[in-house]
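Next up: some structures, all given as structure tokens.
Each of the next two complexes has subunit A plus one other chain: subunit B in the first, subunit C in the second.
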Partner chain A sequence: MFDLKKHIKATCLDDAIALLIENPNARLIAGGTDVLIKLRHGKKGYSELIDINGLEELRFIKQDKQNNILIGSGTVFSDIIQSDIIKKHIPMLSDAAQSVGGPQIRNVATIGGNICNGVTSADSASSLFSLNAVLVVKTQGAIREIPISDFYLGPGKVDLKKGEILTTIIIRPDDYMGSFGYYYKYAMRNAMDIATIGCAVCLKVKHHILADFRIAYGVAGPVPIRCLKTEKSVTNKKITLKLLDDISRFVAHDVSPRTSWRATKEFRMNIICELSKRATKKALNRAGEGL
Partner chain B sequence: MTDQGFREIIFSINGKQRTLYIDIRSSLLEVLRNELGLTGAKEGCGVGECGACSVLVDDVLVDSCIYLAIWADGKAIRTIEGEAKKGKLSKVQQSYVKEGAVQCGFCTPGFIMASTSFTEKNKGESVTEDEIRKAHAGNLCRCTGYQNILKAVEKSIEP
Partner chain C sequence: MAVGKSVNRMDAVAKVTGRAEYTQDLYKPDMLVARYFRSTIAHGKVTLINVEKAKNLKGVEAVFTYEDVPENKFATAGHPFSLDPGHKDVEDRLLLSQDIRFMGDEIAIVVAHDEIIANKALKLIHVSYKEYKPLTFPEDILKKDARQIHKGSSNIVGEHEYAFGDDIKEAFKKADVVVQGKFKTAMVQHCHLENHISYAYMDDLDRIVIVSSTQIPHIVRRLVSEALNMPLNRIRILKPFVGGGFGNKQDMVLEPMVAFLTLKLDGRPVQINLSREECMLGTRNRHPFFIDVKTGIKKDGTIVARQMDAISITGAYASHGHAIISAGGSKQSSLYPHVATQFHARTLYANIPVAGAMRAYGSPQILYAVECATEDAARKIGMDSVEFRLKNIARQGDMNLLSGKRILSCGLTECLVKGKKFINWDSKVKEYKKYKTGPVRRGLGVACFSYASGTYPVCVEVAGVRIVLNQDGTVHVMVGATEIGQGSDTVVAQMVAQTLCLPYEHVMVVQAQDTDVSPFDTGAYASRQAYVVSNAVFKAASDLKDKILGHAGLMTQRQRKDLDIHNAKIIDVYTNENVMDMKTLAVDSFYHKERGGQLTSEISHKTTTNAPVFGCTFVDIEVDIPLCKIKINQIINVHDSGVILNPVQAGGQVHGGVFMGMGAALLEEMMIDTKTGRVYNNNLLDYKFPTFVDLPQIHHDFVETKEPTSGYGNKSLGEPPVITPPPAIRNAVLDATGVCINALPLSPHHLFTSFKKGGILDSKGDADV
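Coming up: the complex of A and B.
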């Protein structure tokens, strides 16, 4: 039995928002793969739930007239893997979705829950950082758009106020069209393990020049991070093996990994540097640059 | 607990319609085992790591230990108990028997449901060993070393 005191099923998004406001101690549950684990472990603060599990309104992947790709927060990882839009335009997000848990988890875990849970290891988070994703957050009478890089306030803490629900993740055409990406997850086991380090790269190439470069990490700090200094230093440089080495040296200054029972800080740093090369190379290969 | 502690759910279990009045705190696994006496699905870890509790909900493979029982309302649940039809094992079950893919059997009901989901999705298609492994990455087995399970799944896919 889960230690639940109250459970209210929301009939639609607006109902869920109203219920969150009426029940200030309640939390949302979507796929429950984080919430129910916390309840199992006796964690406090989850005994009142507003249930948005399976709300069709939040489950979609589409492209609008301006070519923005819109992903509903209630979309499960299996939907992302199967989506033709994602396969065609953002294969790196498929990589990331494939790397989450096992089939049973991917069938119920939502991308919105993955982000809102606020952990640095969330496989979708680092990818969305490198894609400059924008989050649409709704409450009664107000909608906010937040760049994902501003959303993480600290470990397990995201910029959601009482009564706010993440509805949509937007990826703008500038950030995916003509871009090539790769998500590299390093974990101790090939499957069913959370990332020791996750590295997402998204880039554009013009005449063998790195025209745009975005690199983000999970578990390289208390929250997912972008390596902005590195990005600045290598943009508009000619694509060579030396450039890959430069990237791997520069990223070390942009990150702040920690020691945990999974891995030491030093080991993580090693992986961070190595993955920058591997992920960049894979993304370059996808862009048709043979290195 | 408040007076809202119990709720009626209507769902189908292995093809039969059922109405139950359940405690909102229960997992689907608890309802299957304790209310319906369907003890095929097992509790291994209780936290989504081992797949011993795997069942199909509207033909989607889930870990029933981290699935609220109230979510089953209006859905069709399939468990290992419903896989043999008229006393005849399903093709997946037969393949497990033939390949000796069962030792202590604790993981088997969950594995069979994962294999069933995989073979139904990939009917008539050729699949790689890697795809089979990935499709069973959410299931743990402490006995067999997986090799015979792999062979059993290959066999279940054969036309």
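Coming up: the complex of A and C.
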């Protein structure tokens, strides 16, 4: 039983924005796979809901004239897995989508909800970090574009102001064309589990040289993070097994996992270092670069 | 011949179409809901409680605290009554408690119009505690000055010792080598699909009706009458469809509380429907054990002596108490009957959630230690693990020295041979020598078990069956044996069909149970039902057959002995002539104005035997050392459970058990902060019950012996499949990595610690991972 005070179904995006402004205590519900859990646990601030579930305006995956890939915030993970555009250009996002929950969850959980929920373990987040995704946020009479790395303010906190809705996720051609990526989710279970560590690698290869290298982690800190120092140190280096070892040593300095009853810091660090190698290797394989 | 065929389950269609009615489906429109107010500390006493605000909340009907409940302490374990006063279950529980013994202990209860109001009311209750240091480790619990969790108990619920075979000291002297090990098992949860749920109402001024998801309707009836001090005949238990129990419903949990509440509230219906979180925290779980094992062996591979000292932690209340470790400890005498054995065990209270019965009742813990120790012994003398077991295990005709009974059927050797062949043991042993270095390694493991078919002679084993002939020549069967999802109704129908020579479809077993009308039986536990009910069914069906043929004789002026039933027809045994069909006979027996009547048979039968069952697990695994993960490539369980009554159902039972065993081996544990007694993971996100994609395809096979003490040659199968996957997997990890890990589960966290200690975490190599 849910202690629901108010539930209003928005008819379109603008209606949803208007409703959010009219009901300052209300919160958006898309797939509800985070919201309803919190409501069930009696968490404050979840009993008034503006429902954007199923708004066609927010559910799309397309490529514009400039070759930007645009993903609507209301796109569910099953859409992403089935999308030809994603399969062709950003298979790592398929990896991430495929790793979420189970089939029932993937059929209703949205990528927008995943990001806006603000948790470090969100499976789409680390991939989008490594893809330099840009988020489009809309309110009455205003639109903002925010790089995803600036969007996360702290655990469960994202840069959304009252009356703002995330509408689109943009991935620029520079960040995906000629790039090869891999998302490695490490969890206790292969389904229905939250990542112990998530590792996303996106790279470009030129003549056996690592021309571009982007690596991001979930659960390696309070919010998803990029390992910028590591990226800098290994870019333009020749691809060797030693380089993989270097990466795995370097990332340790870019992350800050913590001990909780779910896993110790030492354990997480061990996985972080190991995943950097494995995800990089898989991305290199996709780039046709054997080792 | 219905026995041995994979007929469809009786309830298959009802279940897959969602028509089967479970307790929650039998909702009463004006039903009140009750929710517990639970302690937030693990050890202490409530010094003050204020429920006024909660009582005054709109929609709240009543709030009761420990001050309002009877002072009568009661036992909850789902055991039959024992005539021996020395064998009584520990009476240590009250309906609500001022003394706090675990985090989640029940202090008060709110009754409201709905769950939301009840939850709000719970937040309005205020308590103050006097706190004591939680006792969670055996060393702390057993300290001389440790606080007594239950006054007068010294924190010990039970203790016993036994020995069989040669004098243990002399036996160890014969050993060439002695191997020792300390083993630890985890607290795990049953995770039955349907949480605990019960409701009660009064259908008259003085009778309480309790509808409950229980494995033991008749036992619960008695236990409620004891807890509330009410005459037994004023309590009626109804058991609808049950969504699994695995032992957690072989205990009285919610029933006395809903009965108490309806009594207090003028007979209005009151329901308690536990959430998953509460169910995992506040019902029962598997006792964690600490086990020291010493094994003496000769160089030729004979185990000569074994000594075990085991501690079982029952948590805050006794529940099944010392019975668990006693039962678990007793299976060695049928598994390794030639080994001189000494066993000492204690069960302790602790400030952690309450342990009770769980699938295989102590054996998964004890046999885990036994089979790890056996593996260590085989390796110590460099003998093949399967050869070593074949040299020492039980065979048909062996004497079980503990029970004093001969083992009349035993196919364990054949089980080991089958399993070994399936897994391709010999060639893989050679092949996997290549995979003992580097980051990803491979290994093989084996473990075997013995288990019982019921509880005799520790408890009474009684089964009741009633069969009635319907007007159309089909039969209805009522049994006290309790269907909880395991398929017992189906095999009962098969047995009846077999003996009455009717098609399976002509036999209907009444699913729902009602203690007002269902024959007496103690319920679903101890893998007892199909075995214990078999002789009762055989007798009742044979008796009804006699009556049917007698009536046919009356109708046709023939001798009873000249007639038989064949495929729902009365035939002449000499000519095979079709004399009449069952319907004609039934109509006559019901409606002929002078002869016959409703043909029925009712039998209550006590079983005074207990057939041991046997089996083994073989497993082939891969260990990814840097990622601290185990991948099971192949697993098979091979069972000797006597005659297999229904191969598909039996296979399902094995698969479910192996699945559960793998979960306990690889992932599952209730995590408790030993300082505060707080349970961290009482939910299915953080308690890592495996999903389908985590585990491999499960294989199974049977070695069909024929058990002479059973009505249809069958022996137990319900619990045993869960026992050996954990030790087999542990032994395979040892084979793969050389690291001996003597605690469960083998989760990534624990593998990380062990591999680090073992110095293999940084294993380099170029295996493609």
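We adopt the following convention: the second predicted complex is superposed on the first by the 291 of 291 C-alpha atoms of A that agree within 3 Å, B and C clash if a C-alpha of one lies under 4 Å from a C-alpha of the other, contacts with A are read in each partner's own complex, and residues count from 1 in each chain.
Throughout what follows, contacts are C-beta pairs under 8 Å (C-beta built on N, C-alpha and C of every residue); 3 or more make two chains touch, one makes a residue touch a chain.
Bear in mind that the values here come from a model prediction, so they are computed numbers and not experimental data.
Residue contacts after overlaying the shared chain place A:G54 against subunit B, while subunit C stays out of touching range.
In the superposed pair of complexes, A:M1 makes contact with subunit B and with subunit C alike. Of the two partner chains, subunit B is the only one touched by A:L36; subunit C is not. Of the two partner chains, subunit B and subunit C are each touched by A:G102. Greater residue coverage of subunit A by touch, when subunit B is weighed against subunit C, goes to B.
In the superposed pair of complexes, A:I194 makes contact with subunit C only, with no contact to subunit B.
Of the two partner chains placed by superposition, only subunit C is touched by A:Y186; subunit B is not. In the overlay built on the shared chain, the residue A:G113 is in contact with neither subunit B nor subunit C.
In the superposition on the C-alpha atoms of chain A, the part of subunit A touched by subunit B in one complex and by subunit C in the other spans residues 1, 3, 102, 190-192. On the subunit A side of its complex with subunit B, the touching residues are 1-7, 9, 29, 32-33, 36-37, 40-41, 51, 53-54, 78, 101-105, 107-108, 190-192. By the touch rule above, subunit C contacts subunit A in their complex via residues 114-116, 119, 626-628, 667, 671, 673, 680-681, 685-686, 688, 690-694, 747-749, 752, 761, 769. The touching residues of subunit B, when paired with subunit A in their complex, are 1-2, 4, 23-27, 30, 46-49, 51, 54, 60-63, 66-68, 70-71, 114, 117, 133-139. Of all residues in subunit A, only 1, 3, 42, 102, 186, 188-194, 196, 261-264, 266-267, 270-271, 274, 278 touch subunit C in the complex they form.
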